[in-house]
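I am attaching a structure below and will ask some questions about it afterwards.
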């Protein structure tokens, strides 16, 4: 069911890899809600080619851009500007850790990789916003959203240096939210989403059991990628104009749970068998 | 502009006093978005009669209920049940401190009044939810929202025992959000709104200058009652189904500011003249 | 090992029931560190008589006081004043819920009991501070501490209305911390302690397994009552003069954990056997 | 007045520049409390030579180390190991932003400088801990502390990319606090200190007026460097063994204030004159 919440709005969506991606779902919903947008992802991510299907379904195009390269982002915004004039929303759904990929634990980090994690997963958000502001491409009351995870507040084993990247990402949303809000009325927020079975997520060892735990801890269960896309739409819409600099949990309640009866029941069963 | 976001949804709205009230604006917006609802307020608040105009404009009725009386709330829900069967949303916008009214400071509280503050401003929220749950009147994925203020986290002089009431109110949202979510998929959240020039607010000494300060601190300025109503609509809609147990700041960014250039400029001017 | 950290300091300690109580351990440590203090508890709690042993060991006396009665607290402070003149520290370790005792769940609360929970577990803290301030009994840079629990921030099933009481308690620490700090340089904080096997705790159904979970979640394991007493001493000492209005977690790290490997291992074992 | 709180403890203190530095005060207090330690700072910071006076007063030596260079930190720990065997505490008081120094605003950052800010001000903390852990140089129940600032949570104009660095620093304390606690019982915390008139601070434009504001906002006034040193001592002592992964505000209450009467009075004066 669509409401025309984004009718006439233009945007840029970073990070759609395939139909498990949250960014993919956001694109589909934004299209349904009347938005026009450019899709973008890193050249390496685009090799798989699925994003072109999405572009076709959303009647748009894909512009390749490496979010760690300033010139790529500048080029992307120039294309957007030519196409739309000013834009109204941006979704940032980008994160990657070479330390995780290479199996380096948090107490044996490679510092070059650590810098790369921060660069790709956090500074890329600053880069996108800085270029947008310098080109003055956002309309007043535009909305910028990045996806994050509760690991920025609470440590989860194996999440590794991505926790630090998410903490920095959320800090950028506050720091730049102040400046961009003050000068151009643009709002910047992060959505802290339940762990989600995306391609990135499905590669993590033990993700199934962690999802079981968070699902039983959350009174409403884990939030899906589709539901996250719905929530993004509200943040891009005109109904949330005064929400800025916030980290918004979209997680079925997990973030404010200490222990649920359902999760404890599973835990207890194991204890009883000892 | 309306989107039909609440088409077919039924609800109850507590706390509309006059057209400065946030609950009043929520009623107007909810009506525009296709909802049906009952308006309710305390008998004493209804003496002024303005709420009847609102009821007429929203094609509905007013049911008097004192939120500190269990039987009043039970009666209200019975009327709602007869009218709608099940309902989808509830707004709680109720708060009052006799200590504030009587000019008693926080270090000279009357403890009977203190209990009343907690009863009216916080426990009433529990009472509403408990009765709703016992009568099983909410549809699955229903949404309950209460209005709160940043004083629950950060002390503001003169806000007095209302700060403690708001802290308890937000705790109730978490405690009951867990249970109602787990059992009936109902979500419960609070919106922490900018200080607002309602009838209640306008009676507070020094409110003008405080509003000036918060406005200059907030990159997007203070949020208005209308904007708060817009935000409520998103929380009642189907687009935020997995958001629960949260306290959501709707304040132009104030909550995450330490000091803004605009506010500091005013402050500095005074210092320079010393 | 003792350091004379509280040499010459006088105080009042609320809530020592028996040698499992945190307040009991605080009394022992405070005595070791050179403090003098009055012990106090509710008349009903004193019937068991063990607190007299503690008084003997600490070379002091016990004054019975019901923290829900203003006149009892006034009487207590008058005795303290005669004995010490001004005092330097107060420990508040008081909490009780009739709803919990009577087995009423959070969605079937008795509202008279709910008021009692708030009165005994939270407002008693306000009462103690208000009387202290009105009698001007605290020395400058005095320190007031109350014990609390993470349920104030994160919902744990079965903790019931005590979660709301702890949220209110922590709010009182902020609200009064501002006023008492501003006017008399007195600091007020809460310590959020690991779940602890006190007499109160040991009556809670399923507490053993919850303690197992929190222990495995916390990198340093659960904090004991003795360790909590050590921490209290630092907050009563002159080394923490500028710490106020804070809620300080003393929990082996639990509060900032999302999931630990040790806890997940137990959880996984149960899943594998399904 | 000294308590022998650190008798027999060994440590390393990073970041003492001159007698305005917090690290300098920590060294003095730690020495008074019976600790032995090595002082260290970056080669460039040592050129001024004042740290040698401190070393003499504390009967110790200075080891030059650039915290952005792994080999420097490894060398430092080897010297410490030869001297002490295992150590008990580490203070990290390091921060620097080339963007700030060069006058680049947050919406015109140089990304190489941004990486340097993160490297020096945040990753250096990880580097120190990783090397300590790999060399297994910390005794069980050792304590690691870094200094941070409330800008990690709340935006202050002009604090620039240091806000993001402090957010990352605090995240590292959590992430590594989990691992180091779990494996070696070492605790890791950050102290979030009032703005302080150090050499670094005194160079910031408008710092005087900001200090006036935070002082009037804080019920106990701004915390001094000496007071911060006292607080550090408690965190290095055996009395805080179960405190880990925490960010601890040492700020006279500022962090939990929304608005104080004293600050508002100054603000109002300026408004009245408009």
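Observations, loosely collected:
Going by the order they are written in, the chains are A, B, C and D; count residues from 1 in each one.
The criterion applied here is as follows: contacts are C-beta pairs under 8 Å (C-beta built on N, C-alpha and C of every residue); 3 or more make two chains touch, one makes a residue touch a chain.
In this text the structure is predicted, and so the values were computed from the model without any measurement.
In terms of C-beta pairs in contact, C-D outnumbers the other of C-D and A-D. Of all chains, the one whose mean C-alpha position sits at the greatest distance from that of chain A is C. In this assembly, the C-alpha centroid of chain A lies 32 Å from the C-alpha centroid of chain D.
One inter-chain figure worth recording: chain A and chain C are separated by 41 Å, centre to centre, where each centre is the mean of the chain's CA atoms. Along chain D, residues 154-155, 157, 174, 177-180, 245, 256-257, 260-261 each make contact with two or more other chains. Partner chain B is touched in their complex by these residues of chain D: 150-151, 153-159, 206, 209-210, 212-213, 256-261, 263-264, 266-271, 273. Across the complex, chain B meets chain A through its residues 1, 3-5, 174, 177-182, 185, 187, 194, 218-221, 223-224, 227-228, 230-231, 233-234, 237-246, 248-253, 255-257, 260-262. Within the complex formed with chain A, the residues of chain D that make contact are 70, 105-109, 111, 114-115, 118-119, 122-123, 126-127, 130, 133-134, 152, 154-155, 157, 160-161, 163-164, 166-168, 170-172, 174-180, 245.
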